[in-house]
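Chains here go by letter, A, B, C and D, matching the order in which they are written, and residues are numbered from 1 within each.
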Amino acid sequence: MQRIGVFVCHCGTNIAGTVDVVAVAEALKNEPGVVHSAEYQYMCSQAGQDLIKAAIKEHNLSGIVVCSCSPRMHEATFRKTAAAAGLNPYMVEIANIREQCSWIHKDMASGTEKAIILGKAAIAKVNLNTPLTPGESPVTKRALVIGGGIAGIQTALDIADAGFPVDIVETKPTIGGKMAQLDKTFPTLDCAACILTPKMVDVAQNEKIRIFSYSEVVDVRGFVGNFDVTIKKRARYVKEDICTGCGLCTEKCPQKKVPNEFNLGMDNRRAIYIPFAQAVPKVATIDADYCTMLKTGKCGVCAKVCTAGAIDYEAKDEFIEEKYGAVVVATGFNPISMDKFDEFAYNQSKDVITSLEFERLTNAAGPTAGKLLRPSDGEHPHTIVFVQCVGSRCEACAEKGKEYCSKICCMYTAKHAMLTRDKYPDTDVYVFYIDVRTPGKAFDEFYRRAVEEYGVHYIKGMVGKVSPEGNKLKVQASDLIAGKQLHIDADLVVLAAAIEPDKSARGLATMLTASMDTNDFFTEAHPKLRPVESPTAGVFLSGTCQGPKDIPETVSQAGAAASKVIGLLCKDKLTGNPCVAQSDEMMCNGCSSCERVCPYGAITYSDKEFRMPDRTTKIRRVASVNPAVCQGCGACTVACPSGAMDLNGFKNNQIMAEVDAICKM
Amino acid sequence: MENKNERRREEILRISGVNPRKCMKCGKCSATCPSYDEMEYHPHEFVYMVESGELAPLLESKSIYKCLTCFACVERCPRGVEPAKLIEAVRLTVIREKGANHLKADDIPAKLDEEIPQQLLMSAFRKYSK
Amino acid sequence: MKVTYFPGCTLRTKAKELDRYAHAACNALGVELVEPDTWQCCGGVFSYAKDEIASKLPSVRALIDARDKNEPLVTVCSACHNVIKQTNHQIKTDADFAFRMNNYLAQEKDAPAPYNGETKVLHLLELIRDEIGFDKVAEKVQKPLTGKKIAAYYGCLLLRPSKTMQMDDPENPKIIEDLIRVLGGEPVIYPARNECCGGYIALEDAESAKKRSNSISDSAAAHGADMIITACPLCRYNLIKNGSKLPVVYFTELLAEALGVKEDNDGE
Amino acid sequence: MQDVTNFKPLIVAFCCNWCSYAGADLAGSNRLAYPADVKIIRVPCSCRVNPMFILRAFQRGADGVIICGCHPGDCHYTSGNYYARRRMSLLFSMLDYLGIERDRTRVEWVSAAEGAKFAATMNDFVEKVTALGPNKRLEDLRCKK
C-alpha cells in the first residue's frame, strides 16, 4: 500500500476562486492510500515546495498528488521537488484543477466536485505507480555519413569541424554527387565545380574524415549512440594507397567502348577510369563488367603502364565493421526514367535529352567540351524547346511519374534558357510551363531576367507530342494564353525530368528502421519542428533523401543535420525516458503485432529459453523493447493481443484506475 | 434554368465518371489533340467549362462532333482527368434528347461509297446517334 | 491450340482478307480459330458512358462463350478488340456495371452464369507474342519478307487506353515491329504510327479525315517505308481513300505471305 | 427512472499529451467554458487508448467517450493518430452494433493551438450525449456501489 500525500494549490485565486480548495483537501483525505492532505497558496513557490518536501519526510510518503495547474506547466518542478526529498520523481502525479477546472467553470459547487474527481483519479493512478529509473547508454563518438554528394560533404565537414571523426560511404568511385555533374548553379551562376571541388579537397585533407568510396553500407545493427555498421568496400582492382591518380592507365586501356555514366552515356570511357579530373579520391577504378583482363585473363595493359604498381587484378571485396554514435543519410536523388514518356520521343531521338544531360552538354568538361551541340549530328541547335514537369505532378501515372513537384526544375530550366541565350543569341528558346515556381531568395528575379533581358519565350502550356521528322523535332504543343495549338520545328528538346530518391534508399531505410513516405523519401521526425531528424533516434537526414531540394537548401539542411549529430556526440551518456514500453515475456505469444506498429523499430524478437511449471524448458519467441530507442507512444500496447506489452508511466491498470475513479460517482 | 443546368452538369459527371477538379490546367490534352484546329472549344476548355457549369456553349458547339475518341488526351493527361470521356458525355446529353440525333439513317445513302467498311457506319452511328 | 475467335462484321464483308489470312496463318501456326455459333457486331466503338449497358451486350455474350469453353477470346480487328477488351475491363472494375449487366443477362432464355470478367481477351498479335511466341513463328517462316521496308500503323484502337489495353507502350510500341523483324522484313519507325486516322469522322467531316490520314501515310513515306500494315479495316479505308502513296495491307496478309500460305488462300 | 430533464452526462475524454491535452490547457488559459461533465485523462498519444479503456468507461457508467489526438500528419510519434483512427472506427461500429449510439463516441483532432476548437468540440459532444440521455446498454450495475 502506498503512503500518499495530497497537496492542493490555491494558485492565488486562480484555483481558489472557483474551487473550494479546503473542501477538496478534506474530501481527498479519505481516499485509499492517502495519509496526508494539505492546501497552500502557491505550491510551486519555494515555500510550497518546502512544504511538500517536509511532508514527504515527516509522513514517509511513497507517492504524492499535486492538485494544481497543468502538468505541462509544473510536473517537472514537482518531480524535482520529490527527488530532492528522496522520493522517486515518477511517483508524482498532477491533477489539473486549473486549466481543466477552475478556469473554465464559473460555479463553485460543480468546480469543487470536478476537482475532487480529478484528484481521486490522480490518487488512483499514484496507487499503482512504481519508481522508474531512466536507462543510460554510452555514445560512440564517431558519425557515419551515407552518401558523398554536396549534402554528405557538408554534413561531414561540419561534424569534423566540431572535432568528431566522420566516415563517408559513397557508392561511386568519387565523392561529389550530382553537383559535380552540373555546369553553373542558380541564381548566381557560379560554376558548380569552382565551389564544390574545394570542399571535396577539404574532405580529402581533413584528418577527421575517412572516405569509403566505391563502397556501400550492407548491415546496420544497434541503436542511437551505438550503431554497429558493416561497410562493403567493393573491389576496385587498384590499390588506393598506391595509385597516384596520374591517369596513364586510363589513356592506355584498350577497352574504349564503355558508356561514360558521368556524362550520362553521351560519350565513352575506358574500362579503367577516373570519373573526372577533380575526383576525390583521385584513384583509378577498374570496371569489372568491361575489363578484358578480368573477364578473359588476357590484357594487363594497365598493370604494365602503371609505374607505381597499383593495379591488383586479384583484389576482393572487403568488409569493414565500425561503430558509430550517429548515422546521417545523404543518399540523394536521380532523374526518373523517361522510358514511359515517349510522347516526347526520348527513346526515339538522340536530340531529345534530359536536363541533366543538357548540363553535361554545356559543361566545359563534358562530352562536347562545353559547346552546345546536338547529340545526333554535332550541329549547333537553333531552336530549343524546354518542357517542364515531365513526370512531376503526375497523378494519373503513379507507375511512371511522381505526384510531387520536383521543385528544382523551374529554376534550372530558367538557368539553361538564360545561359543558352547568353552564349548563343541566335538561338530561339521556348520554355513550356504549367506554373513557374520560384520561391527562393533572388529566384523570381532570376526567372524574370531570363524573360525580360534574355528574351526566352515562356509559354503557358504543355507539349503534347514530339515527332522526329528528318533532322527536326516537330513539337506539337498548346499555348493556353493565345488559345492556339503550336507547331514548332525544334533542333533540340530538353525534358525537365522529375527527380526521385536514389534506389539504394529503400534498402537502407529497412536496415536503419527509418521510415519512408510512399515516394521513398525519408520521413522526418516532425515535418516542421524536427526536419533533419528521422523518427528513429540517432538517424539524421541530409539533402534530397528527405525531399526535393536545391543546393542552398541542401547545404543548410546538411549543416542542420550536422549540428544535431554534434549535439548527440557531445554527450558521454544518453539518458533515456523511463516511460517506455515493456514486454512481459511470460505473457508474450510471439505474434509480432507490436513490432509491426512500432514507428521506431524499438521492438525486436528473439528466441528465449523458459522454465515451464512442469520443470521442463521450452524455447519461445518473445518480444523485447530497446528502451533507448522506444519513444513511449504506446501503439504497441494496444496492438498486443495477449496484454504482454505495457507502457511505463501509463500502464493499462493505471489508466483503468483513472477511468474507474472518474466514473465512480 | 439554373437547376436544369446543374442537373445536366451532374449527369455529365455521372455518366463520364470524370472529376474535372483533378485538372491542373496544363493544357497537355489540347497540345495532343489531333482535332484541335477543327474545334471551337478544345479538350481543356471542355474540362474547365463543365467544372464551372458553363454548359450552354458546349452543348451548341460543333466541337462535340469533332472529337475522334482517339484517347490521346486521356493517355497523356498527367492528372488522369480523361477529357475524351467528358466530351463524349457532353455529346450524349445532346443526342439523347428526343429527335436530336446528329446522324440520321436517311442521311447515310448519300454518304456511302463502294469501299466503306461496316465498322465505319457502326462507329459513326454509335457516336452521333442514340 | 484452340481459341475462341471473334471475327466481327467488317471481316465478313469489306475486310475478308484480314479474316482469311488470319485463318491461314493460324492454321500454319497450329492454332485453331473457333467461332461461337452466334456472334453479333461489337458495335464498332466502345461507349464511355457509364450507364450504357445494352450496346455492350454482344461483347459480353462473346466473352461468356469463351469463358464457358475455358478459352481465350481472340480478335483480329482492332476495333472489335478494343471494344471487347474495354467491356471486359469495365465488368472487372465497375461493380455497378457488372451488376446491371448480369441482371440483363439473367432475363435471357437459357441465362448464362453471371460474368465477372474471367475471360482473357487477346488480339492475334498478342496471341502470337505471348502464347505462340515470336521464336516459334520465326521457325515457320517460309518466305521471309527480305528487303521490305514496312511501316506498322497502330492507330489508336490497339494501344489506347493503355491501362486497359495493356498491349504495348502507347507512345513507343514495338509489337508489330517485332513481328515484322521475325518475318524477315525491316520495320520503319515513324512518329505518326500511333496517331488517329480520323476514324468515324470520315462520315461527318471528310476533310478532317483526309488531313489526319495524309499526315500518317506521308510520315510513313517520308521515313522510307514501302508499305503500311494495319490491323484495322477503318484505318485502311481512310488511308487508301485519302490517297495514300503507299500500299496499305493487313498484317495478316504479310504474316500469311511469310509463312508461305498466302497463295493457297488467294482469291477464295 | 432517472430525471432526464436534469440529466448531466458523464464524459470521459482521452487527450494526447502533445496536441489535444495542450489544446485543453489553452482552452483553460483563454477561459473558454465547457461543461464540468467532461473529465480528461492524459495519454502520451491517441494510439495509447486501448479499446478496453472505452468499454470499461461505459461499463462503469460513462455516457460518452471522446478521444482527441493530433491532426493527421502532425502526430508527435508520426503515425499514432492513424492507428487510433483505424482502431476506433472498428470499435465504434462494434459498439454501434451493441446498441451504443454513434454519437456517444467520437474521435477528434485538436492541435495545441486549437483551444477554441477544444471547447467547441466538448460543448457539442456534451450536447449530443445529453440529448441521447443516460447510457444503460453496457452499464454494469455491480460497478455502482
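Here is the rule we go by: a contact is a pair of C-beta atoms (placed from the backbone, for glycine too) under 8 Å apart; a residue touches a chain by one contact, two chains touch by 3 or more.
Note that the structure is a prediction, hence the values are computed from the model and not measured.
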| item | value |
| --- | --- |
| A-D compared against A-C, more contacting pairs | A-D |
| Rounded Å distance between chain A and chain C, as computed from the means of their C-alpha atoms | 50 |
| Euclidean distance of C-alpha centroids - chain A vs chain D, Å | 35 |
| Inter-chain centre distance, chain B versus chain C - centres from mean C-alpha coordinates, in Å | 25 |
| Multi-partner residues of chain C (each touching 2 or more other chains) | 171 |
| Chain B residues counted as touching two or more neighbouring chains | 72, 75 |
| Complete list of chain pairs which touch one another | A-B, A-C, A-D, B-C |
| Contacting residues of chain B [partner chain C, same complex] | 14-17, 34-35, 38, 65-66, 68-72, 74-75, 84-85, 88-89, 92, 102-103, 111, 113, 115-128 |
| Interfacial residue positions of chain A with respect to chain B in the complex | 343, 389, 393-397, 401, 434, 460-465, 476-478, 480, 483, 485 |
| Touching residues (chain side chain C, partner chain A) in the complex | 169, 171-172, 189, 191-192, 219, 222 |
| Residue numbers on chain C that touch chain B, as the complex places them | 8-10, 13-15, 41, 43-45, 47-52, 55, 77, 79, 156, 159-162, 170-171, 195-196, 198-205, 208, 212, 232-234, 237, 240-241 |
| Chain A-touching residues of chain B, taken from the complex the two chains share | 22, 24-33, 36-37, 42, 44, 72, 75-81 |
